[in-house]
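Each of the two complexes below includes chain A, the first together with chain B, the second together with chain C.
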Partner chain A sequence: KGDKAVTYEQAHPPHYIAHRKGWLSLHTGNLCGEGGAAERTLEDAFLRRFLGGTFPGCVLDSVVLKRRGNLVVLSAVLSRALPPHKIYFLGGYTETLLSHFLKCPVRLDLQTLPARLPYKYL
Partner chain B sequence: MAAGALMGVLAPYGGCGWSCASPSGPQGVGGGEKMAAGWLCRRLCQGSAFPVSYASRILQNQCFFQNSNLVGVRLAGSQANTEGPKTNPLVSISDEPETLYKRVSLLVKGHDKAVLDSYEYFAVLAAKELGISVEKVHNPPKTVERFTLLKSVHIYKKHRVQYEMRTHYLCLELKYLTSSTAAVYLEYVQRNLPEGVAMEVKKTKIEKIPEHIREPIWDTLPQVEETEVKS
Partner chain C sequence: MAAVSGVAQARAGCRAGLTRYCRRVVLAPFFGSAAYSSVPAVNSREGQQTEGSARRRGRTPQSVRAHIPPRTERMAVDQDWSSVYPTAATFKPGSVPLPVRMGYPVKRGVPPAKEGNLELMKIPNFLHLTPPAIKKHCAALKDFCTEWPSALDSDEKCEQHFPIEIETIDYISSGTSIRNPKARVVTLRVKLSNLNLDDHAKKKLIKLVGERYCKDTDMLTITTDRCPLRRQNYDYGIHLLTVLYHESWKTETWESEKAEEDMEEYIWENSRSQKNALDTLIRIKASENVSNVTKEELLASEVVKDYRNSVVALKNEGETENNMSRYKESVKKLLNIQVSL
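Take a look at the complex of A and B:
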């Protein structure tokens, strides 16, 4: 025991959200007097599954989604399993496909790491 | 030119709005050196209703980076001087009197207080650079929406889970603006709204008193002779 690596995101329970953790999906749906939270949540679920599928086995940790006006920014951390030209192709493919699908500009910010960063071992 | 220099110096929230397809952006506000990049930006934005691809966005970033170094440098003997007075196609001058605003109040809502604090610093700095007087900046108390749900799927009524959503507010009140100043300031400040933050704007207009109530009625009506009425 003591060999299961756990990332910072996974190690903190949800009551730490505004204190030690940030938000994974940033939109105005949950603010007082603003609507559209359900649609955003559905889009978030779809985007996470889509990214999990296009980069098979490469996505380390959760994708951060940000919405600024019309623009959707997806910030993902990938592992270096695929060669760079394939990652660039898949990135451009997701951007164009998602923007045609969601009818709004979509931007993908990628970062690669050699392996998942452990915060502690359980 | 102050607004152009401002955009070069203050880019904290990443210039989100540049990739939105909106032709009337603050791209024409910069000087002559930025015209090329502005034109390129507009062309790319208008040419495709969907976002620009990687390569053109990288080109766009390079253009911006190079041009930001040229702001303030006098290009001696350049071709720009021979054109005469530059007429910016995005700036329109009209003769009708501008509507004046007594107070423009921005209410900014967000989940994260730190984000709101940094946005307050940014908005106050932008107002000072544009010469807008800030009347008051205060934080209305946060509203918390809580609900208590059952923890388990089937029974166990005594064990519940509580969730809450906190909304923090920031209120900026600006004094005595013209409509064009307000338009420029609001456009800049709204393009740089961080994600997860919403804003509501209330404007208080100053209007002239209408003609029919300028003079009190008892001065305008002709004098009526009083006749005694015997009951």
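Take a look at the complex of A and C:
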């Protein structure tokens, strides 16, 4: 007991959203009177799986998605398992491929850490 | 694309070498102080040549490279911040030289640091909108702006020259579609005092539009959304205004049948109140045996006029202290009642 490291995201259950956590995906679809929530949610699910698969084992924490008008900004925290030229290649690959899939510009912001940052140990 | 680390970094003791699937040794050095970088640094094993990738640009010796420290440590205090964050971007801990902490702290601890902090990445930041950056934006946009016409320097002048206000709303949302069905609504606002209407036309117009007229502000508001396009709704709104204007000037034959219930405001002439007042006064005069005074004389007399004004005020404006006291005074004068104190 007390040896399972969890990140900040994992340590807080969902009722802490808007109190101690923010939203992982920001778009206007969930606002009052706006449409497109279902399409955005579907796109979010696809994007998270895509990134999880393109950077196998490297994604340390949930991907943060932001939508600014047409643009989709993905912010991911990766581990340093892959050498940098591979990371750059995979980053460019995701950006181009996703732009073609979603028909909108996609930007990827990457951050690397040596290892998963534990928030606390459960 | 290689990140060449030309910075001599103090390396702490232990290095762990891990053999990966591609049989290339990746070093994950553990340093005494955390050295995170947004740009992945070059790692190479001693003496091992990699395939001719861009990593070797002739400047990197074949020694173990550490992770290069983040950009923040090389930032000058007086650097140009608008080139670090020229546009809206996610928070990058390696580019923001502030020791920001965010998150709920663990018990007897501090909020988590900025490296790998999802909370800082989730929120929208305004690092690209510092005052010097905004000044630059304004300076760049100035070339495309024209001056406000100097003749329109007050609200009244604007209203005088442009009496009709058109309101349309554009909607931005995230997603690949720019269409929003709510964007087709057009609202026209005009003050009736700016239209050329006589008394009959104004009353008829107000009756025609009904709820769309606000008496307090004298504003007619027409909202159209029945057409699919904004341009069509605007044309329809203008057409409605034109039709209302012309129709209100016309007098139909059946308008002569306007009854007392249709009147918008109380008119004293030819009303019951006038009849009653005149009848009472004539009877008073008859009982006093004064020579027959004609109706016109009575109507022209001061007391009757006073009474008329107070009744009209009561009916049109409702019962206020002022109105009630005026009515009381006028009735006392009319019936010649002297209150003896």
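Definition applied: the second predicted complex is superposed on the first by the 122 of 122 C-alpha atoms of A that agree within 3 Å, B and C clash if a C-alpha of one lies under 4 Å from a C-alpha of the other, contacts with A are read in each partner's own complex, and residues count from 1 in each chain.
Throughout what follows, a contact is a pair of C-beta atoms (placed from the backbone, for glycine too) under 8 Å apart; a residue touches a chain by one contact, two chains touch by 3 or more.
The structure displayed is predicted, hence computed values, not measured ones.
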item: Chain B versus chain C as contact partner of A:Tyr88, first or second or both or neither; value: both
item: Partner chain in contact with A:Trp23 - chain B first, chain C second, else both or neither; value: both
item: Contacts of A:His100 with chain B and chain C, given as first, second, both or neither; value: first
item: Touching partner for A:Arg68 - first (chain B), second (chain C), both, neither; value: both
item: Residue contacts on chain A - larger count, chain B or chain C; value: C
item: Chain B versus chain C as contact partner of A:Glu34, first or second or both or neither; value: both
item: Which of chain B and chain C A:His12 touches, first, second, both or neither; value: second
item: First (chain B), second (chain C), both or neither touched by A:Lys120; value: second
item: Shared chain A contacts, counted only where both chain B and chain C touch the same residue; value: 23, 26-28, 33-34, 66-70, 73, 88
item: Of all residues in chain A, those that touch chain C in their complex; value: 7-9, 12, 16, 20-24, 26-29, 33-36, 39-40, 60-62, 64, 66-70, 73, 75, 77, 80-81, 83-85, 87-88, 102-104, 109-115, 117, 119-120
item: Partner chain B, residues of chain A touching it in the complex; value: 18, 23, 26-28, 30-34, 66-71, 73, 88, 91-92, 95-96, 99-100, 105-107
item: Chain A-facing residues of chain B, complex; value: 13, 16-17, 19-21, 50-51, 53-54, 109-112, 143, 145, 165-167, 191, 193-198
item: Chain A partner contacts - residues on chain C that touch it in the complex; value: 1-3, 20, 24, 26, 28, 30, 36-43, 53-55, 67, 88-90, 92-94, 103-104, 106, 112, 115-119, 121-124, 172-177, 182
